[in-house]
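Okay, so chain A shows up in both of these, paired with chain B first and chain C after.
Entry: the complex of A and B
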């Protein structure tokens, strides 16, 4: 093999002299905005198909007064509209004498669906349920994750291990997590929490069961637990939701804490601040962008809560606790149930559509309020 | 406040257990009200020293004294220091005013009868400790008694067995335990007397506290304003505003009090950092590379500002820098460091004119000092085989040495100078001329000579020049100065 001879720099320059692009024009030069659009097109197509169109669709369904009479076998308002052009007449209800023009029905916009929606007591209850869960869960989960993130940030030994432990729920299926809590809070003999309560001398609680059941105490005597109260079910739902959401929040807060220069805390220490003062006056304000982000996403997430409730009961997609299966029905659960096979009036798709718009409105208003508050409180 | 560094050492242990000594048995004293510059190249341990004085790093060994107080184990917040970080570390979410007031927010007073309360707590603590000591002593007596009994029994056995060594051992044990018992028994009356005294003291302090409470209650009725003033545990907003304004005025940023740090220029941020450090009237002010983030013009200006502020406030100040000019221009004393070891501590001019070793000579001065190889033969100093110094005897051992001459210490001669120079380049820099070249026969030792521009005609176009040194230093090969 020939020995490798090192080239002189001048030789290298001579070789590449005519090959570099210095001083030459690029042949095809798309402007930067065009390149940007080109890259965005696939994403935009999917967004339009699966995001923007469904939103418009939901608006149409919700605001057409008698949509249920003109839906062409599906929920696609536009498809129904085209069908209406070819099949112009429909009987508004069974046994009606006069035929109504489909197009007329399409054109009669109004708040009928919303009026019917608010007449539905179950919807009002689901709104209340969701509101309670949001108000209890969101502040708790943010505070707990902040505390854990702060402490995780301060320890040195085994930091990686603890980080992994707290991150595990994030990679676990939320239905599976709910099942775990269902078993933990079970009022049959295997329920760990009840076992603990009994050991500590308290009386066991029927957390989730919808009917009274027998419970064997550690001493062997058997007592009958009453059916689960709404309060006890709520505890399990909230605990499950907190545990479920903790991992991601801790991750975000840890990332935020890592960006805070240690010099700020050192400076504060020298300025005579104790640990809590440093946390309250330096760390928290500097973490405020992350706190805002987590607050907004937590509120949105909590308003959309559904799996967190059904997974805790683990009795199917439409059982939200209690004998009627509606004790802790959330808004999303209500919407899902009212447009499913379980619905009483399955054809009336306009009402759940109106319900989803109400949910959208609530989330929108709360997010806008949060952004408004954040202008004063968040320091970038 | 005088700051005394005693035998200070800091060893960091790296990931693989490798020890690095950042500061090695350091000793120096900073007189009250002086400005001291810690000078050295990066990695020489000067910032570590500063952080140890601040309390952010814990020394591996040694002590730090503020006056008569040993602060080595005091946490930073209790040391009464002000620290200005290299990149200022101004709290970005607080306004300039809030930044300056932050240290003041953390100030706590004892309150209306805090001192009396503390006295009661102290007395209670004293009683507790004394009671504990009495208990311990009594236990010790019992233990010694038991041990004596045991030893006596053993001794009897040994006597029966006619084991002389055993008997002796037992006797020794008895003696030892008897001594222990005696000292413990003697301790008890003293401690008991102290306990009586301490109980009396507690009564007294409790009475004092009651009195103070009563007096305060009376004052509350009589003069609520005064009572409020006496009872406060932290600074009022008005007081804090007044101090913040005064500090801002001293550093000349009073018109920016309501701005956020990022709305200020680098120099202004720097001054806010100083104001914040000064706000709580620190006993010692520490500055970590205070000028390194400023541009050249601002650096010059801020340098003078720091000197002025230090003079105005009279606070003992330590500052860290790698810039020798900065250190020379504002320090009262310079501490030159290299790899954690102090090289020289002196006034700036002294450090420049009388460097303790080759490192100090090389580190101070710009352009750097010129060093070339010489040798000592028969006690005479030679350069390129010619006698360089006729006045002095340089020791008996023949050896290689280093000769160093500052760039401005050359005088041009027509012919036969001690330093023959081969010229490579002549640079015109206005007031002066730089002659760049090397000593004949030593092309590896580059040198720069500064001569006044009047001599321009005489050096231009010449390939060889001859110089005599006005002043020179001789160092051993390993760097120590030969005086």
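Entry: the complex of A and C
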């Protein structure tokens, strides 16, 4: 020990000098803004190519009257324009044989695509379909999940087990589980839901099939079930959507409930408030930020429903029930179907682009309305 | 809750009776919905393990004895993994792609896209959380604005881009097109912002550069969040259906022998409609095969998954 204390100041300085930057040339460092842009480059490249550019392009495609990609024109809408400019006689799509003049259509911006969009009755129907499903499913799911979260918050034993069970649907594959719902609701004798209906004395229902089929009752007699009505198919879609949607909402509500200070409810109890009053007057207002968040995200998410519908039918990516496969076609399903392989080269891609802008508009309107409502109702 | 005091024995008894009644109601309600949640899983497990013929019998006669242990076997899974589906009526064997291959394809694309997503998210979140530069706020606001825009709007052009640059039926289309998730950038930025500024200044004094600081200080501290992002991203890639259905629905572009490019979800959907049409047990087994890895992941990483999901909710 003694030796260390005896060190000369010059020796100590030499040691420090050796370990630190004193007297050495500092490493050249880039200014902060340069580092920032450098680390942003990878993200920005992807964002520019696959997000910002497609958004701009979608607007161009939607507002150029009767827009169609031109062969060799690339992916940018105006690329097709320049291609047509240099060579007015171009082939409109891969596989086309007749040369057509396409230049004229690039000259006019307007609402032709939107007009054609609504002339296509299927698009209007798909909006109506989605709206019906959303209006039925979202409030139901929110109410049930709010109840479950409140109840979970009020029990002690088995709380973790219940929480895990309610969260399970969140980590499943919706295509795979949609098929299981298809089999649960099947109109063969082993379909569990129909079995239950028959045992309870009701008459079995053809929930999803698009043709009549025979059904054997528990007593052995055979009856013929008519083809599925739109109403019955809708039930399955809504049940599947509720099953899928509960997990996330319960989790968010539970997280919100956990932040509510026990003091408030204890004080109310001392004042003699009963459980329901406490829930109505204290818990709900304090939970309103979460309720607003869930309401907005659920309405938006539900308006974009697609896999939830096709998985229930499990007959392929573009079968939405019924003999024509369009009974419950949702907006997103319509967009994918009209842009997919079979259709894209033969239709006017401007129409699905217009359709996706309509979807964007609907989402914006929902959000604005809900924020408007929340100004009065949400307590932060 | 604080201790409660009652005026007399009767009041205490009434209070206790009421509590028991409420508890019975709560548990009854929760159990009912828990059963609703579990029913599909039970059907999936039992159905996938029951021999195809026995399940068929059950569907026609509603005879639950058919689902008993005596008819359980792994034959459905064997058929799915060997790609040789036996038709239950004719006994004919139809060849299809093995699910092992769908697994492999999905793992390649999930790992690839997760790696790209995490690297871009960490770098971008670092810039937004720690560094000062002109245009930072405008850029961040425009990123958040894109979260409002439905993905369908971008799919229209991305689909065409994929075709034009020749990425159809390649892994590049699955890995790079969704290479940035604005949500993860946002989520990670919040974690980074909680790291005290003093650490940054201390690192500066020690002569550690910005990137060194990110790598040696921020990433280790934010590791729980990064783990959550990795798991959620892997699971998202595993479950993705629409994009693979559009751009990777055939054989791999660079293969000479028609290597099937499809992923688990798209492979599953086509199994439903082709070889396994009308064979519920095989279909359910397919669903089980796709769902099983998710369950394993959930059991191991339950904490990370639930935290990540609920965090995204609170901060909304």
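One rule holds for everything that comes next: the second predicted complex is superposed on the first by the 293 of 380 C-alpha atoms of A that agree within 3 Å, B and C clash if a C-alpha of one lies under 4 Å from a C-alpha of the other, contacts with A are read in each partner's own complex, and residues count from 1 in each chain.
One rule holds in what follows: a residue touches a chain if its C-beta (ideal position, glycine included) is under 8 Å from a C-beta of that chain, and two chains touch if they have at least 3 such contacts.
In this text the structure is predicted, and so the values were computed from the model without any measurement.
Asks: Quick one: is A:286 in contact with chain B, with chain C, with both, or with neither? Answer first, second, both or neither.
Replies: First partner only, chain B.
Asks: If you count the residues of chain A that each partner touches, which comes out higher, chain B or chain C?
Replies: The partner with more contacted residues on chain A is C.
Asks: Is A:268 in contact with chain B, with chain C, with both, or with neither (first, second, both, neither)?
Replies: Only chain B; A:268 stays clear of chain C.
Asks: Does chain B (first) or chain C (second) touch A:314, or do both, or does neither?
Replies: After superposition on chain A, A:314 lies in contact with chain C alone.
Asks: So in the superposed three-chain picture, is A:277 touching just chain B, just chain C, both, or none of them (first/second/both/neither)?
Replies: It touches chain B, and chain C stays clear.
Asks: Intersection of chain A residues contacting chain B with those contacting chain C?
Replies: After superposing on chain A, chain A residues 266, 269 contact both chain B and chain C.
Asks: Sort out for me which residues of chain A touch chain C in the complex.
Replies: Residue positions touching the partner: 21, 26-27, 29-30, 32-33, 35-37, 39-40, 42-44, 46-47, 49-55, 57-58, 61, 69, 74-75, 144, 147-148, 151-152, 154-155, 162, 164-177, 179-181, 183-184, 186, 188-192, 195, 216, 218, 243, 246, 248, 251-252, 254-256, 259, 262, 266, 269, 275, 290, 293-294, 297, 304, 306-307, 310, 314-317, 332, 335-336, 339-341, 344, 349, 352-353, 356-357, 359-360, 363-364, 367.
Asks: For a test of understanding, state which residues of chain A touch chain B in their complex under the given definition.
Replies: Residues in contact with chain B: 261, 263-264, 266-274, 277, 281-282, 285-286, 288, 379.
Asks: Can you name the residues of chain B that touch chain A in the complex?
Replies: Residues 54-56, 75-77, 81-83, 85, 87, 89, 91-94, 102-103, 105-107, 276, 280 of chain B touch chain A in their complex.
Asks: Under the touch definition given earlier, write down the residues of chain C that touch chain A in their complex.
Replies: The contact residues of chain C facing chain A are 1-2, 22-23, 26-27, 29-30, 33-34, 36-41, 43-44, 47, 55, 58-62, 116, 119-121, 123-124, 126-127, 131-134, 136, 139, 143, 146, 148-161, 163-165, 176-180, 182, 185, 207, 209-211, 214, 235, 238-239, 241-242, 245-246, 264-265, 268-270, 272-273, 280, 283-284, 286-288, 290-291, 294-295, 297-298, 302, 305-306, 309-310, 313-314, 316.
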